[in-house]
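Okay, so subunit A shows up in both of these, paired with subunit B first and subunit C after.
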Partner chain A sequence: MVNYTIRRVLLMVPTLFFVALITFSLAHAAPGGPFDKDENKKLPQQIEDNLTRYYGLDEPLPQQFLLYLGKAVQLDFGKSIQRNRSVNEIIAQGLPVTAQLGIQALLLALLIALPLGIVSALKQNSGVDYGSLFLATIGTTIPSFVIAILFIYIFGVWLRLLPFVGWGDGLDFRRMIMPTVILALPGAAFLTRITRASMLEALGQDYVRTARSKGLAEGTVIIRHALKNALIPVATIVGPATAGLITGSFIIETLFSIPGIGRLYIISINARDYPIIMATTLLYAFLIVIANLSVDLVYGALDPRIKVEA
Partner chain B sequence: MPELLEVRDLHTQFFTRDGIVRAVDGVSFTLAAGETLGIVGESGCGKSVTALSLMRLIPQPPGKITQGEILFDGRDVLKMDDDEVRGIRGNAIAMIFQDPMTSLNPVLTISRQVSEALELHLKMDRNESRKRTIELLELVGIPSAKSRLDDYPHQFSGGMRQRVMIAMALSCNPKLILADEPTTALDVTIQAQILDLLKNLAREFRTAFILITHDLGVVAGMTQRIHVMYGGHIVEKADTNELFANPKHPYTWGLLRSIPRLDQTRREKLRPIEGLPPDLIAPPPGCRFAPRCQYKRDICDEKPPELVAVPNAKADHESRCWGTQTGGWLTTTDWRTDTTVFTKVEA
Partner chain C sequence: MATLAATASGRHHADAPELARKQRSLWGDAVYRLKRNRAVMAALAVVLVVAVLATLAPLIAPYDPIRQDTPNSLMEPFWGNPKFTLAQYPLGSDQLGRDILSRLIWSARISLLIGFVPVTLVFLVGATVGMAAGFYGRWVDNCLMRIVDIIYAFPDLLFLIIIMATLRGTFLGNLLGGLVLMFGAIAVVGWVGMARLVRGQVLSLREKEFVEAARATGATDGRIMFRHLFPNTLAPIIVSVAFGVPGAILAEATLSFLGIGIKPPTPTWGVMINEGFVVFSTTPWPVLLPAFCISLVMLAFTFLGDGLRDALDPRQRTK
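Take a look at the complex of A and B:
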């Protein structure tokens, strides 16, 4: 188990290297640069040349990349071109906000999906089941920016119930409601369907009949015998769902003006702020790899047939 | 002897999109305490559904017990509320299922699965039930039972898993064990071991059991009486020796013909029963076996025969066949010497 974990962590090195290489190539392949301005606000050529030299953007690309890597392994991710502050500092400011939003949304998604999926499976073709199907269809088909705008209009503008700009100090509950709910929705929808399907499958298994034949109460049969088996496939989906939350947060943070790294990411791409693009992409890649690793470790704990081996 | 179990006119049906499947269609039988009974028939003739009905384990919907009485220890199981039925399941009546590979929960340890019923019905605490579980596992012949308590089912072989199932069934000293094809999923050598184990344990504990199988060879040495089922009906009832010596239903003859014999010459081929069991949504109007029966006459297609005593046989020998009833045309036919070749009756 320890060996396995170490091996998986070591495997992150090539993963992150290729993520860095691809991101670097794509960012520089995109037309334009960090100092482009409107025609009438254009910087004098001399200043632009100086800036380009200052940020090392005049070097050949492979050399830039290697220089970047050399610093990145020492956890020095350079300086933001736009903000003139170190990337580490900027990310340290935004990450807690994004992390809080993401974790809240993931917990909310699980809190909705697990009970709803289980009840839908137990009461197949009932009102609850159709209700959850309706919700799941909406959650997966309507893009979150459409739902977000709808929510902002209804709850923010029309009913004036909830604020919809900014994040505050992270303790303002009312401000978190809309972004968290909207971010959680697609994941909740997907996880509900998975939970329902795997619960239905578990309930039809022979060992559930065996459990009933022992005279166990229905609640014990469902929780001890069916649910534990049904959760195994659900757990594997939580990894990809985390990735979904991260990409979802780009949109949600931008729409609700939340100062997290999702919004930062979008802004820095538009501004060709190469150091921030690189650092945030690497951070996201790192988080997704960690999420998948934790899922694999949890999977081994849930299913005794899976032995994590070195 | 007072009857432990009395089943009267049991009907279990499944309500499907294509129609009502009459899986068990008027089955009656009795079982005394400590008695052993074999229920034999091919797949889809209602054996398993009969067993599941006894414990009210028919999945509902689509299944439903629509008619009949199941008197267990004098009380009708079908009139009990859910709590009372649960009090009987695993306690007074236990069941051993066909496939030990899928009938044990893969994510729970063996000790958890065996001790569950002990804690529930015998009100043992964790320690007592663990101790008892070790005893039970030793009883069913699991080597070094103590060290295997916390193993999971996938760490056991098929035969060992079926032993665990038997330990589970025995755990609360049931009065009746229902064994539904307990050896079908196992290797032949393991089959014999498991059957021996079942037989010895039932004798030791004076447990009545019903052994359900499609293999007449399996019940031969195991049970005192045999009921042959076909198309949701019992078609022949007799005690085991009588049934093998003097079978009185063409379906039973067919089953006997399809068993390989050690004293058979090599040239002889097994003779299978041609065709398939009847569609239980729209069963044949007359005898349900008539479409596959080589001995049938017009009456067989027209009127369903009743289960009646066989003439010149042991008292409790009954058969559901026009031909072997008093005055029938098969009363003197001996299936062993009969040379009529079992030909295809219907395409």
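Take a look at the complex of A and C:
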């Protein structure tokens, strides 16, 4: 197990390296530089040359890349090109907002999905079951930006119940409702189906019949015997769910003008702010790799039947 | 009719087991199941209507989708306030006075192209790589699968955003209003899933007796792969392709909505939502109508995919 953990952690290095390489190559394959502006507002040649040298953009590409990696390992991601501040500072400002939004959405998704999935499995083909199927179909097929638009129209424009611009100080409950609910919806839909399916499978197992035949109370059978085992597959969804929250945050933060790193990322891409694009992409890749890794490690701990090959 | 067939076969089964059912091939059985599935048939009808509209767009659409009629901008659809509707624009007009109905119809073209072209590329590349990796094993497998693993570690949308955002300004990004780059980007992101799927299938099949038998008769590697292994991997491939179509349509809509997909003035539903969002709080229809179209097409293709999965692999049924 220790060997396996070490090997998996070491395997993260090449993955992150290639993510950096691909992003770097693509970003530099793009035509146009960060100092391109209107013909009328063009910078004097001298200033542009100085800036190019200051940011190291005149070095050969492989050298720029190695230089960047060297600094990135020490968590120095350089300075934003569009705003005169360090990338770390800009990301540190947006990250808490995105993290709060993401964690709220994840908790909400679990809070909806677990009870709904369990009840759907216990009462197959009941109203609740069909309701959860409906929710799952909507949540997984309708694009989240379309759902967001409908919510904004109904609750924001038409009923004027909820504000739909900005985030405030992170304590304004009414501002959080729509972004959180919409970001949570696809995950909730997916988790509900997984919970239902794995609960159904657990209920059909021999050990559940054994528990019943011992005369245990139905509640004990469901919670202690079936649910405990049914939750193992659910735990594996945390990896994809993290990726879903990250990509979801691009859309939700852009739509609701929330000053997190998802919106920052889209803005930086359109402004060709390489240092921010690189750092944010690496941060995302790191989060996803960590999420997948922890899922694999926890999975082994939860289910002793799964032996990891060392 | 469905119930009649069911009771009839049930009675046969009870009376004379040997007459129980007409023998059907896997494919015949799948078609039979699909026809009995009402959700699939409804979805198929929606897809066919959209396909006809898309194909005949130049004939059906009343106006050129990029023709601007600025004095008559932001007209409401025919059910709106009569003061702001115009008979010639039954679904209203956007802020540049372009006919929304025509734009919706032309958008269907782009969405269907986006749905089918990249999926074909994904199938060709992914199935070839997966087949080669699974069949030859050893270093071929190792090399190919390491590449696959790296791309797989990227979340799809993140990778798509990076490709589209960086290459949009290049020559490639300008072909057909960004359509060609979009095809390529979706294929580059998608082929790894197909490769993993086919490799897994081939790994489980290649030690089977029928492969051994084929080898004993002197079949070449190529023949074993295409005549023996490939047909046996087809069912999961079809299911994966069927889910790839709505996936690609969703990706295009999302990217265009974020402003880094298809380039305006080419009309797509995502572009329409992106452009209409500016006036959304006062005039919602230019956004709500394309949003409705995307949802309808996504639902239709997803139901088709679900139906195909249930028909081709009854063991995986969700109920």
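The rule is short, and it goes like this: the second predicted complex is superposed on the first by the 284 of 310 C-alpha atoms of A that agree within 3 Å, B and C clash if a C-alpha of one lies under 4 Å from a C-alpha of the other, contacts with A are read in each partner's own complex, and residues count from 1 in each chain.
Here, a residue touches a chain if its C-beta (ideal position, glycine included) is under 8 Å from a C-beta of that chain, and two chains touch if they have at least 3 such contacts.
As the structure is a computational prediction, the values presented were derived from the model and not from experiment.
Participant: Following superposition onto subunit A, is the placement of subunit B relative to subunit C best described as a clash or a fit?
Facilitator: fit
Participant: So, A:Y284: does it touch subunit B (first), subunit C (second), both, or neither?
Facilitator: In the superposed model, A:Y284 contacts subunit C only, not subunit B.
Participant: Determine, under the contact definition given at the top, whether A:A243 touches first (subunit B), second (subunit C), both, or neither.
Facilitator: It touches subunit C, and subunit B stays clear.
Participant: For A:I90, is the partner it touches subunit B (first), subunit C (second), both, or none of the two (neither)?
Facilitator: Touch partners of A:I90: none, neither subunit B nor subunit C.
Participant: Between subunit B and subunit C, which one contacts more residues of subunit A in the superposed model?
Facilitator: C
Participant: Once chain A of both complexes is superposed, is A:I276 in touch with subunit B (first), subunit C (second), both, or neither?
Facilitator: A:I276 contacts neither subunit B nor subunit C.
Participant: Is A:P143 contacted by the first partner subunit B, the second partner subunit C, both or neither?
Facilitator: A:P143: touches subunit C, not subunit B.
Participant: Quick check for you: in the superposed arrangement, does A:A197 touch first (subunit B), second (subunit C), both or neither?
Facilitator: second
Participant: What is the contact status of A:S213 with respect to subunit B (first) and subunit C (second): first, second, both, or neither?
Facilitator: Touch partner of A:S213: subunit B, not subunit C.
Participant: Going by the contact rule set out at the top, does A:T254 touch subunit B (first), subunit C (second), both, or neither?
Facilitator: Only subunit C is touched by A:T254; subunit B is not.
Participant: After superposing the two complexes on chain A, what is the shortest C-alpha distance between subunit B and subunit C, in Å?
Facilitator: 6
Participant: Considering each complex separately, which residues of subunit A are in contact with subunit B in the first and with subunit C in the second?
Facilitator: The answer is that subunit A has no such residue.
Participant: For subunit B, which residues count as touching subunit A in their complex?
Facilitator: Per the touch definition, subunit B meets subunit A at residues 55, 57, 86-91, 94-95, 97, 99, 102-108, 116-117, 120-121, 152, 154, 165, 168.
Participant: Quick check on the complex: what are the subunit A residues that touch subunit C?
Facilitator: Interface residues on subunit A, with respect to subunit C: 14-15, 18-19, 22-23, 26-27, 29-32, 137, 140-143, 145-146, 149-150, 152-153, 156-157, 193, 197, 243-244, 246-247, 250-251, 254, 265-266, 269-270, 277, 281, 284-285, 288-289, 292.
Participant: Over in the complex, which subunit A residues touch subunit B? Could you list them?
Facilitator: 205-207, 209-217, 224-225, 228-229, 232, 302-305
Participant: In their shared complex, at which residues does subunit C touch subunit A?
Facilitator: Per the touch definition, subunit C meets subunit A at residues 149-150, 153-158, 161-163, 165-170, 246, 250, 253-254, 257-260, 273, 277, 280-281, 284, 287-288, 291, 294-295, 298-299, 302, 318.
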